[in-house]
Amino acid sequence: MNGYLLTSVTLLPLVGAIALLLMGRGEKTNENSLKWTALLFSLATFIISLALPIGFNKAGNLQFETNVEWINAFKLGIRYHVAVDGLSLWLVILTTLLVPLALMSSWNSIHKRLREFLISMLALETGMIGVFVAMDMFLFYLFWEVMLIPMYFLIGVWGGERRIYAAVKFVIYTVVGSLLMLAGIIALYYLHGSATLNYTFDIATITNDVRTHALNLDPHTQSLLFWAFALAFLIKVPLFPFHTWLPDAHVEAPTAGSVLLAGVLLKMGTYGLMRFNLPIFPDAAHQWSVLISSLAVVGIIYGALVAMVQPDLKKLVAYSSVSHLGFVVLGIFSFTDQGMQGALYQMLNHGISTGALFVIVGMVYDRRHTRLIAEFGGLANVMPVFSTFFMIITLSSIALPLLNGFIGEFLILIGTFTSPLLPYAKLFASLAAVGMILSAVYMLWMFQRVVFGEVRNPSNMGLSDLNFRERLVLVPMAMLVIVMGVYPSLFLDATDRTIQSIKARLVPATELASDWRPNPDVAQDR
Amino acid sequence: MESLGINYHAILPETITASVAVLIMMIDAIARNIERRVAGIVSLIGLIGAAIAVASLWGGNGETSFKGMIITDNFRLSFAMIFLLVTFLTVLISLRWVDDESLPVGEYFALLMFATTGMLFMSAANDLVMIFLGLEITSISTYVLCGYRRKDLRSNESAMKYFILGSVSTAFLLYGIAFVYGATYNPAASPVATTNLSLIRDRIASPGQLFSAPMLLAGAAMMIVGFGFKVATAPFHIWSPDVYEGAPTPVTAFLSTGSKAAAFASFSRVFILTFAATSFASSTGPLHSLQSAITDVLAVMAVLTMTVGNLVAIVQSNIKRMLAYSSIAHAGYALIGVVAGDWRAVVFYMLSYVLINLGAFGIIELIARQGDKRLEISDYSGIGFKSLGLASALSLFLLSLAGIPLTGGFVAKLLVFKSAWAAGFHGLVVIAVINSAISWYYYLRVIVAMFFAEPASAFKAPRLARSMAAAIVLALLGTFYLGILPGRVLDTLERARDQITQARK
Amino acid sequence: MQAEKALFIVFAVIAVASALNILLQRNPLYSALSLIGTLLALSALYVMLRGQFIAALQIVVYAGAIMVLFVFVIMLLNQPKDQPQIEKQKGLRYLAIPLAGLMIAEMFYVLRPIHLSTLPADQSVGTTWSIGTALFTDYLLPFEVTSVLILMAVVGAMVLARREGD
Amino acid sequence: MVPLSWYLGLSALLFTIGAVGVFIKRNAITIFLCIELMLNAVNLSFVSLSGFFGDVGGQLFVFIVMTVAAAEAAVGLAIIISIFRNRESLNVDEVDSLKL
Amino acid sequence: MEFHNEPLLAFIVLAPLVGAAILGLIGKNLGERLIGVIACSTVAVSALLSIYVFINHRVQLEQGHKFYNYLFTWIRVGSFRADTSLLLDSLSAIYILFITFVAFWIHVFATGYMRGDPGYWRFFAYMNLFMFSMLTLVLGDNFLMMFVGWEGVGLCSYLLIGYYFTKDFANDAAKKAFIVNRIGDFGFVLGVMLLFLQAGSIFYFDDPARGIHGAFNWVLSQHADPLNMSAIFSGGITTIGVLLFVGATGKSAQLPLYVWLPDAMAGPTPVSALIHAATMVTAGVYMVARASSIYTHAPAAMVIIAFIGAATALFAATIGLAQWDIKKVLAYSTISQLGYMFLACGVGAFGAGIFHVFTHAFFKALLFLGAGSVIIGMHHEQDMRRMGGLKKYMRVTCLTMLAGWLAISGFPLFSGFFSKDEILFRTFTSPVLPAPWSKILWFVAAVTALLTAIYMTRLIVLTFWGGERFKEAGAAHSSGHPAEGDAHSVTPHESPAAMVLPLVVLAAGAVLVGFLGIPDVLSFGKTSNYFEHLIAPSVHEASGHMNEGHSGGIELEDQHGVELSLMLTSTVVALVGLGLGWFWFKRNPLWKPPRLLEDKYYVDELYDGTVVQPIKAGSTNVLWKFIDVRIIDGAVNGAGQIASLFGTSLRYVQSGLARSYVAVLVLGALLIIGYFVIR
């Protein structure tokens, strides 16, 4: 059963999509049954996926594994290999959680092509989960690319005014990166195969061979491959200066699309960095860490500053994503436990907080059909419940302690600051910390302009507060924001083992040894 | 009396297709008034018969027959299957169309079958004369098909351009053959000079047996012109956009797939299995210079082809013309397989490419309607949700052409790139990858028009004939089959490879 | 020996001159007639090369049948003389000289090292007997396949050239 | 004796004239004639090689080429006729509606 | 040092959180009385528990024992560990005692002050949440827990300043407070990270039971840094100290980050009393005192603290002299007093600094509440130009405020006298500062004391004495605030009992608490300074050896002499200040102060012009509209355009002329043949 669990989590949404495709075409009126079908499938996926963390063995590496031969001809060695480890576990859960929430958030906001919309959402879910669970480069690439299409349609069909430009830009940007990654995958496959005589696309095998020095790539090759992969991922993240697709895509995408875009898709980039770049090209990772960290830091500050002056709510959140994801990249390239764990945690945080922010923006958009900050003001007067949720999410986004954002950002900062392997680590950390100030600036300023003050715009006068469905969407998010801030061990413990294995080759043995760790078994029952 | 090497089994597929062509003519002549569909159905049956014949030959170990004119190996048979598949789908998508356009039915299918016969001979040939003959049969019948809509100026123009340029390229090919023939002269051997490919391979592989190395090189170069023209590689691609655009859509589909695949069959037969038989690294003397010249030139041509195809496709507004450029670009990708010397990759590429392209052209034909009227991309505005099935299928084909995973287009590209990488052509792979990225743009344009743009003109979902539906479904299934479970096909090809290398030893 | 060379030069000059005349004539009819001249000169050269059968074929089939077809079509499509002669891309004309030069240079480069100046002692090669034997042994299949080709060409020509309504 | 290279040279010369003719002549039939010239040039090569080698293969090739030329002539002329019917002109420069 | 377990600590912290949760979730549906009861009772629980715990462990605390309450491990990643655990030692004990005590009374006051406000429940939820945060800040046993509280109080401060969220100035002030605090936090976080890097731990002290090594133990095992500039940037202990102090300047409103505090007066007055006077703003002092072992190893950091503290004290006092808004005067006075506290810390007298925090909490809370009472009595008028002569309308308020006035002015035997005197003395005799500077700083502090006495007297005189200016319609319109009630038709009235009672209690405190820290010299050695005795085990006072160049060896007898004479001096200073103020402002209540002072040295404008606006403009015009749109997107779109440009030009090869195609074909053929044969 364990073996099929992951596959069913991955494919269940697709089954839902197919079910929707086949559902009674005749009556146009029966939109509710479509919505409920989609929602139930995504909820079922979420519930099944909960078995993953429950059954997850913190001491183990890859789990819930299915590994069967797929295409073996031509020494291709392509396998259907899916599994989760600490790296992907929570990202899968994040995905399965966000999709039903996104569906609920846009329950009444899709007015055309509802069936196709729901199909796209579910197909997208399968793609996203697939990216995280794939343990074979071929499979990974497959999901990585296939997932583009539903997203493309989500932006292109259900998007705003400039949806075509945004959709095409999104796809082209991604494709440019991912095709380079394809070249990288082929090269890696070939190099690994000729070095070990085991031609395979299996990520775990290759990683392991790198770890055990069965595969030793020379620095030059490593650099080239590193960039082939990194470009794809950094575009997806997106790291400055590859970020300009993001504001457009976010602004034009419908709410549900933005939620998943920000919540999950961006994580695929950082996930890829941790899955491929660090463990497989450790020397190149060191070689380029300064450049990437610099870009990350520039992105943190730049994203924050540009976010500050955006007149459009979604654009603001989009640029804030640039800033936040800069933290994640910085943490990854700190090569420390704290940095990488923090990065991983920050991915989850960003998924929830920014996802929630987009939900919130969507809620006001549904009511007012505008996202311009200047159109709002004083919403606290008419929508107190809304404002409260907005406040919690805002605070999460500016990394207030005891909320989730803080754990991630602080771990990243301290990991970076204390990194023995990243040059100029202290400088990077200090500059990144400036981002903490700036995030307060732009978020609070935005919050003030939207929520506080008198209701000056008469069209805001009659806005209704959140209804039951909308509260149902925001409550779990807000609760997660708090739970993750107060008791992060719940999540962090599961990822530790994986981070250690990523570090195995990345960090020289001397550094590993000197890494003082308090004994976890000391009695805590005083 | 010495054996004439007659082996009717070995040419059974070709015999079947040729006979079916004649049969169709006879039916057409005798029974003018019977259901016009009969000709098409007869050709379908004939194609299935030919396919069975091909299957019955499977496992051939490279035996030659007819005095070395025909070779039976899995290389030939895999390509033969592709040709039969192409014609099968072409017949399906033209069944209704010939009727709607009130064109001569019998001749149409007969010419298709003749062309198929030519293509089959191209892959079966083990002698340059057979290659030449097969090529000419294919070419001449397609010249006619291009001009099949006689009253249509565009169709005329297409036929004329194809004819003039095709003949010139044939002349070059022929001249090349003459040079190669001259180069193989060895008074000590028997026969003293030859156009037989097996003999040519042996002669150029063993040092000191050649009459004139420069002649061999010049011959090879001119054959590149000939084959390059047929597969439409830059700079010999210039005919194809005009011809593809002007020809009736089903013919375009056939041209861009069948004739291209056939040309690749000969191309690979000559340039991979003959000229590059020994590995590049271990070759010496004239063979080495031949091989390095071939790889250099083909690599440059591949790059040019991809780049020109993709860049110009970006700025096209006519969908047929855009797909013409796209098929130029795809010839470029497939050519990488030739450069890398991996014909299996070429076969697989062609297989998936013909499926996808035929599917796409089928839908285009359907949407274009009678007289090829609606061919501008702007005509596709907003039809996505009016005709969801067709638009989705077309999108899938286009995405597959772009190389999205889960479809044959991706696996094909992967194989080609992998072979090229393994053969050390890293730069080529990178350029191909960048080109793929460019290609996304224009494939997406059509999808944008169909799904994202507002409906521009009145559009009614076309009536979908059963044959056409079958063709599209077949193409779709094939595309996905090759994308998801390519294992069987690849295994078969792999065994073919083993068998060919063994036969050589 | 010198006589043979002289003969070659005579026929070669005729062939080249007629070929050039094809290009120089405006009327396609004269061009066609010039081509026939070339063909005849070539057939003479074939004889010198002991290709008697092919030489005969050249005269009978090529100059006789095919060229007659050409002339027939030219007469059929007697286009009006007063039609304006549109010429686009006049530059192509000037491209002719360098391209021709380049081609000849390349061919010269390839053919220069070829040193073979004696015909073999065996004189049976170009005879009808040897051709016939080869045609029905080694070249049996190509020979048969040409029938497909011819049939196909007939069908094709018929489809394209027949009048409407047939 | 006349050396082989002379024949081959003549053949190359004729081929060149044919090739040049194809792109400087505008009358479709003349262009076609030039193509025939190219084929004949190749034939000369075949026959001379065959003669000097004492190998019948080249001449057989010429035999086949002639057949092909005949077939090509039939179809080519048919194409020209069908174009002429529609356009009343044989000037290929007028036939450029498909471009770019 | 001995460690014990004290599970009650968690309840002290959590009680207000429970209150906050109840009020936040269902408070909207509760009546005002019930809300008041819940809010006050949770704080009362904390207060009583604090007192209980303190009494229970008093002796041990005096001996330096520490009491832990470990809840759970918050973050543990690699070698980094932060626990959710609480620590009680004498320092935090003092803090929780006065925090909970003062806060309780302010809560009580607020039940009256906020009566009828539609956000009653919200207000108290925030207040309770603040108590939770403040107690976390004080009781946390590591720097990250402190930071939790640190940011938590910042949040509550933000929420409460912006409590009247429909008022733009309140929102601006709230945002400003948060952001300026964040700037300070930037330093704090860096300091904590550097500490972790150096010490490998962010816990204050060891906890053998959990296997924790305290950072301070590491610090104490190091040599003290030298007193020079390079130590500041060396990345060692001094750097840590300076960075942490940057955090303190934000939270405790020191130069240059003090600007948020005057604006923070936009919040309801009880908030100003609780957060911006008595408790939160002293968190910086707490932190510096907590980290005293770091500072005693970082003399350069201490010098910086001393100078900033003294400068802030003087600077704010001068501005306070010129303000018309009663709360603004108190705000600048708070800044000034905070400067005093830092001066104390900077000269190594952490205990004295804390003592001043302690007394200040009482008298400043009292003064603010008094001001609040006046404001209510005046129907939300805050401009002192429209007050005057209120003593006859608001007798109790006036009396209690007089107590606060005397306390802050350093009138002998009032609480402020003792704490301020201690600071002046310790500054004068500081072992930290180089020779002339201790005297100079003492002089600055003394001048500040004089100014304090003057401006506080001005406040009292303008408010309670003189003509009843509120009756003169439209007397002054320069009031910066859109006061709610129209001032000229009101009659001032005394506040209700819920507000008056806390005034009385705090007034008693303001008068009496000073006696906890009577200097040895005053009691003639009979009772030692109890406060100092209590706090001594928790802080590392600077000792003579810190600065070798300093002639530190004054004999104890001499010290007593000095102390007495200084005490005399400061008494004189206070009396002079009171006298000057009394007579001058009685005569000229509306004396127009220098423009520069009234406009606060234009610091806000300076910041706006040099930092805020350039960043905004730069972000909009350079980063966004130029780099993002023009350069990056331009490059991306440009690449696309170049591709289609190439496409378009290559298109023209496709002329449509068959002849030209042949030419291309022939040319291509020739090139290939050429390459083949000639290469």
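Chains: A, B, C, D and E, in written order; residue numbering restarts at 1 for each.
Keep in mind that, in the parts below, a residue touches a chain if its C-beta (ideal position, glycine included) is under 8 Å from a C-beta of that chain, and two chains touch if they have at least 3 such contacts.
Note that this is a predicted model, so its numbers are computed, not measured.
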{"item": "Partner chains shared by subunit B and subunit D (touch criterion as defined above)", "value": "C, E"}
{"item": "Per Cα centroids, the chain farthest from subunit D", "value": "E"}
{"item": "Farthest chain (mean CA position) relative to subunit C", "value": "E"}
{"item": "Higher-contact pair (C-beta pairs counted), D-E versus B-C", "value": "B-C"}
{"item": "Most central chain, judged by mean C-alpha position against the global CA mean", "value": "A"}
{"item": "Separation of mean Cα positions, subunit B and subunit A [Å, integer]", "value": "44"}
{"item": "Chain centre separation in whole Å, for subunit C relative to subunit A (CA means)", "value": "71"}
{"item": "Whole-Å gap between the CA centroids of subunit B and subunit E", "value": "79"}
{"item": "Approximate Å spacing (C-alpha centroids) for the pair subunit C, subunit D", "value": "6"}
{"item": "Where subunit B touches two or more other chains, by residue", "value": "129, 133, 136, 140, 143-144, 147, 150-151, 159-161, 164, 168, 179, 214, 217-218, 241-242, 441"}
{"item": "Multi-partner residues of subunit D (each touching 2 or more other chains)", "value": "8, 15, 18-20, 22-26, 31-32, 50, 53-55, 57, 60, 64, 68, 71-72, 75, 78-80, 82, 92-93, 95-99"}
{"item": "Subunit E residues counted as touching two or more neighbouring chains", "value": "640, 651, 654-660, 662-663, 666-667, 673, 677"}
{"item": "Listing of all chain pairs that touch each other, if any do", "value": "A-B, A-E, B-C, B-D, B-E, C-D, C-E, D-E"}
{"item": "Of subunit E, residues touching subunit B in the complex", "value": "640, 643-644, 646-648, 650-651, 653-654, 656, 658, 661-662, 664-669, 672-673, 675-677, 679"}
{"item": "Footprint of subunit D on subunit B - complex, ascending", "value": "129, 132-133, 136, 140, 143-144, 147, 150-151, 153-154, 156-161, 163-164, 167-168, 170-171, 174-175, 177-179, 181-182, 185, 187, 191-195, 241-243, 245-246"}
{"item": "Subunit D to subunit C touching residues, read off their complex", "value": "1-10, 12-21, 23-27, 29-30, 32-34, 36-37, 40, 43-44, 47-48, 50-57, 59-60, 62-64, 66-75, 77-82, 84, 88-91, 93-94, 96"}
{"item": "Partner subunit E, residues of subunit A touching it in the complex", "value": "169, 172-173, 241, 243-244, 302, 305-306, 308-310, 336-338, 341-342, 378, 380-381, 395, 400-402, 406-407, 410-411, 413-415, 417-418, 426, 429-430, 433-434, 436-437, 440-441, 444-445, 448, 451-454, 486-489, 492, 496, 515-520, 522-524, 526"}
{"item": "Subunit C-touching residues of subunit B, taken from the complex the two chains share", "value": "2, 4, 6, 11, 18, 21-22, 25, 66-67, 69-70, 104, 107, 110-111, 114, 117-118, 121, 127, 129-130, 133-134, 136-137, 140-141, 143-144, 147-148, 150-151, 159, 179, 212, 214-215, 217-218"}
